[in-house]
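Both complexes shown next keep chain A, but they swap its partner, so chain B is in the first and chain C is in the second.
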Partner chain A sequence: MASIYSLFIISKSGGLIFYKDYGSSGRMDTNDSLRLASLWHSMHAISQQLSPTTGCTGIELLQADTFDLHCFQSLTGTKFFVVCEPGAQHMESLLKVIYELYTDYVLKNPFYEMEMPIRCELFDLNLSQAIQKDRVALLGR
Partner chain B sequence: MAPLPPRSGDAVFANIERVNAELFSLTYGAIVRQLLTDLEEVDEVNKQLDQMGYNIGVRLIDEFLAKSNVSRCADFKETADVIAKVGFKMFLGVTASVTNWDADGMSCSLILEDNPLVDFVELPDTCQGLYYCNILSGVIRGALEMLCTSY
Partner chain C sequence: MQFFGGSTAVEASPAPAAPPGTLTGLAGNNANVLYIFNRNGVCLLYREWHRPLRTLDAAQDQKLMFGLLFSLRSFTAKMDPTSSEKGNLGVPLLPGQGCSFHSFRTNTYKLSFMESPSGIKLILVTHAKTSDLREALRYIYNLYVEYVVKNPLYVPGTPIKSELFNTNLDQYVKTLI
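And now, the complex of A and B:
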C-alpha cells in the first residue's frame, strides 16, 4: 500500500521543478501540478507573515481528512513537499533524504540549469530507490 | 521530529566521498594555467576564477546545508566561524582561522594554514597580482548569496 501519494519540488522563485506521483488516486496533469505548486508557494509565504509565533519559517505540516502534506524548506528557499496518507510516519526524514539526493544528483550535474525543471536520470533512479526503501521499511514494521 | 543537531566538520568530512589531494591540486593548477594562456591578462583570470567559484558556490551551498545540518547563523561572526570550521573542513579537509576583525564586525580574514590548492605551486614574476585561489572567494560569494534572499 503506497504511503506517499505525490512529491513536489519547488524552486526558490516558486516554480515547480519536479513532480512525481505514486498513488493511484489524485493524479493530476502538468497544468494542475504547476498551479498547485504556485498555490503552495504563496500559501507558505503568507503563513510566515500570519504566524503568531516569531521566527516562523512556514508551514511544515498540513493535515486533512484524506491526506497529510509534509513540507521542508531549505535555507536556500527550495521547498520539498510530499502529499501522503493521513498518519504517515517519518516523512520529515524522507524529505531530508530527498534533499540530499537533490544536492548530489541534480546540483552536481553541470548540465542542469538552476531553477529549471529537473530532468536527471540519476536523480529519478535514486529517488525511486529511496521511496522503495521507505516503503519496505514501512511494511516491515 | 526534533531537528537534527549540526554535525562537526570532522564528522561530515569522515563520511563524505573524497578525492586524491594531488589530483585536486594538479587539476586546479591546470585550470589556472589554461586560463592564463587563454586570457593572458591577470585581471581577466582573476575575474574568471571568481565567476567559476560563484557558479560552484550556488550549487555547493545546498550540499553543505544538507550534510552538515547547520541552522541559520545569528550574525556575521557566526557565519564566518561556520565557513571556517565546518565549510572548509567539509570540502577541503582543512580548517581556516578567522582573524583581523574590523571595528564594525563587517569584515574579517579567513586564513588557510595549509591550503590544498597551492601544494607544489610557485608563482613566477610574470603573474604579479594573480589571485591564485580566487575560486575560493567566488565559492563563498555564491554560497552566501543563495542564503540571503530566502525567508
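And now, the complex of A and C:
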C-alpha cells in the first residue's frame, strides 16, 4: 500500500539538514537534494504570498502525477516533508511522529548545533523504527 | 486530433456535477481566482471572483504565479521517484515532459493546475476543501477552445476579451463545489 519514498528536513533558513531515501529509483546525490530543498523552501514562501485570503501558512500537500508530497511546518519554521505514493493516507500523523522524534533526539541532544546537518544515531534508529512500524501496519491490513 | 476526447459542443455535461454553493459561504461563485497563461508567460486571462487579500499589484502577481508554476514543474520533474534519469534543475521543460503536478493545497486555498500540449496553462484557485478539479479544468479548456480559439478575430498571445467566454465561465464556476 502506501509507503514513503523519501524524507527531507529543512531548517528555518532553508538549508537541508536531513535527507533519507527509502527505495525510490529517483535517488539523488547530495547536491541535487540540497538544491531541491532550497527550491522547496522558496516555493513554500511564495505560495503564502499568492493566497487570496489571509492566514496562509504555506503548502501542505502537493499532488503530482507519480507522487504526493506532504509538508509539515513547525511553529519555528522547520519543515518536514515526505514524498510518497499518490493517495497515501495518514502522512500527516507520520510527519507529527517524526517531528516528535526530532524534538526528542535532535533538539535535546546537547551536542547538536542548530541548523547543522543531523548526525544523531538515536534519531536515525528511532526514525527507521517508526517508518518500519508504519509500513508493517499498513501491509498488515 | 482529440486531445481530451471531448466533444465539440460546449453543452457536454461537466463531470463535477454537484449541488451549487453547498460548501462555501460565497454567494454563487465557488472559485476565488482563475489565471490562464500561454507558453511564453503572457497572462491571457485573470479572472477574480473572491479575493479579499491582494499582496502585490496585478502584473507582479501574475509574474509571480507564472514563476512559481515554472519552478514547481522543474521541482516535480526532478523529484519524481519513479524515473531515474532526469535532466538538470532549471532546464526549461516542454509541456508534458517530466512529471508534472496537478494541484497543491495550503491551509487557506487549493490551486489546481492544467497544462495543454500547446503550453496553455490554466490555474484555478479555490477554497481548501475542494475535491479534484482536473475535470473542471478540462471543461474550462474546452470553453477556451470554443469561445476564444475559434473566434476569428482573436489574436493568439493577446489577452482574452470575449464576453461569451466570460459569461459561460462565470456560469460554469457557479456550479463547482
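The rule we apply is simple: the second predicted complex is superposed on the first by the 138 of 141 C-alpha atoms of A that agree within 3 Å, B and C clash if a C-alpha of one lies under 4 Å from a C-alpha of the other, contacts with A are read in each partner's own complex, and residues count from 1 in each chain.
What we mean here is this: contacts are C-beta pairs under 8 Å (C-beta built on N, C-alpha and C of every residue); 3 or more make two chains touch, one makes a residue touch a chain.
From a predicted model like this one, the values you see are computed outputs, not experimental measurements.
J.: Evaluate whether chain B and chain C can sit on chain A together after superposition, giving fit or clash.
T.: Partners fit side by side after overlay.
J.: For A:Thr78, is the partner it touches chain B (first), chain C (second), both, or none of the two (neither)?
T.: A:Thr78: touches chain B, not chain C.
J.: Going by the contact rule set out at the top, does A:Thr57 touch chain B (first), chain C (second), both, or neither?
T.: A:Thr57 sits against chain B and chain C alike.
J.: Touching A:Ser128 in the superposition: chain B (first), chain C (second), both, neither?
T.: Neither partner.
J.: Per the contact definition in the header, classify A:Tyr5: touching chain B only (first), chain C only (second), both, or neither.
T.: Only chain C; A:Tyr5 stays clear of chain B.
J.: Of the two partners chain B and chain C, which one touches more residues belonging to chain A?
T.: C
J.: Contacts for A:Gln48 in the overlay, against chain B (first) and chain C (second): which applies, first, second, both or neither?
T.: both
J.: Give the angle at the C-alpha centre of chain A formed by the C-alpha centres of chain B and chain C in the superposed arrangement, rounded to the nearest 10 degrees.
T.: 120
J.: Between chain B and chain C, report the minimum C-alpha distance in the superposition, expressed in whole angstrom.
T.: Superposed model gives a least chain B-chain C C-alpha distance of 11 Å.
J.: Residues of chain A that sit at the chain B interface in one complex and at the chain C interface in the other, please.
T.: On chain A, the residues that contact chain B in one structure and chain C in the other are 48, 57-58.
J.: How about chain A: which of its residues touch chain B in the complex?
T.: 12, 45, 48, 57-58, 73-78, 90, 92-93, 96, 99-100, 102-104, 107-108, 114
J.: Would you pull the chain A residues touching chain C in the complex into a rising list?
T.: My answer: residues 5-6, 24-28, 32, 35-36, 39-40, 42-43, 46-67, 69, 83.
J.: Can you check the complex and tell me which residues of chain C touch chain A?
T.: 32-33, 50-53, 55-56, 61, 64-65, 67-68, 71-72, 74-76, 78-84, 86, 89, 99-109, 111, 125
J.: Help me check something: in the complex, which residues belonging to chain B touch chain A?
T.: Against chain A, the touching part of chain B is residues 1, 4, 58-63, 65-67, 72, 146-147, 149-151.
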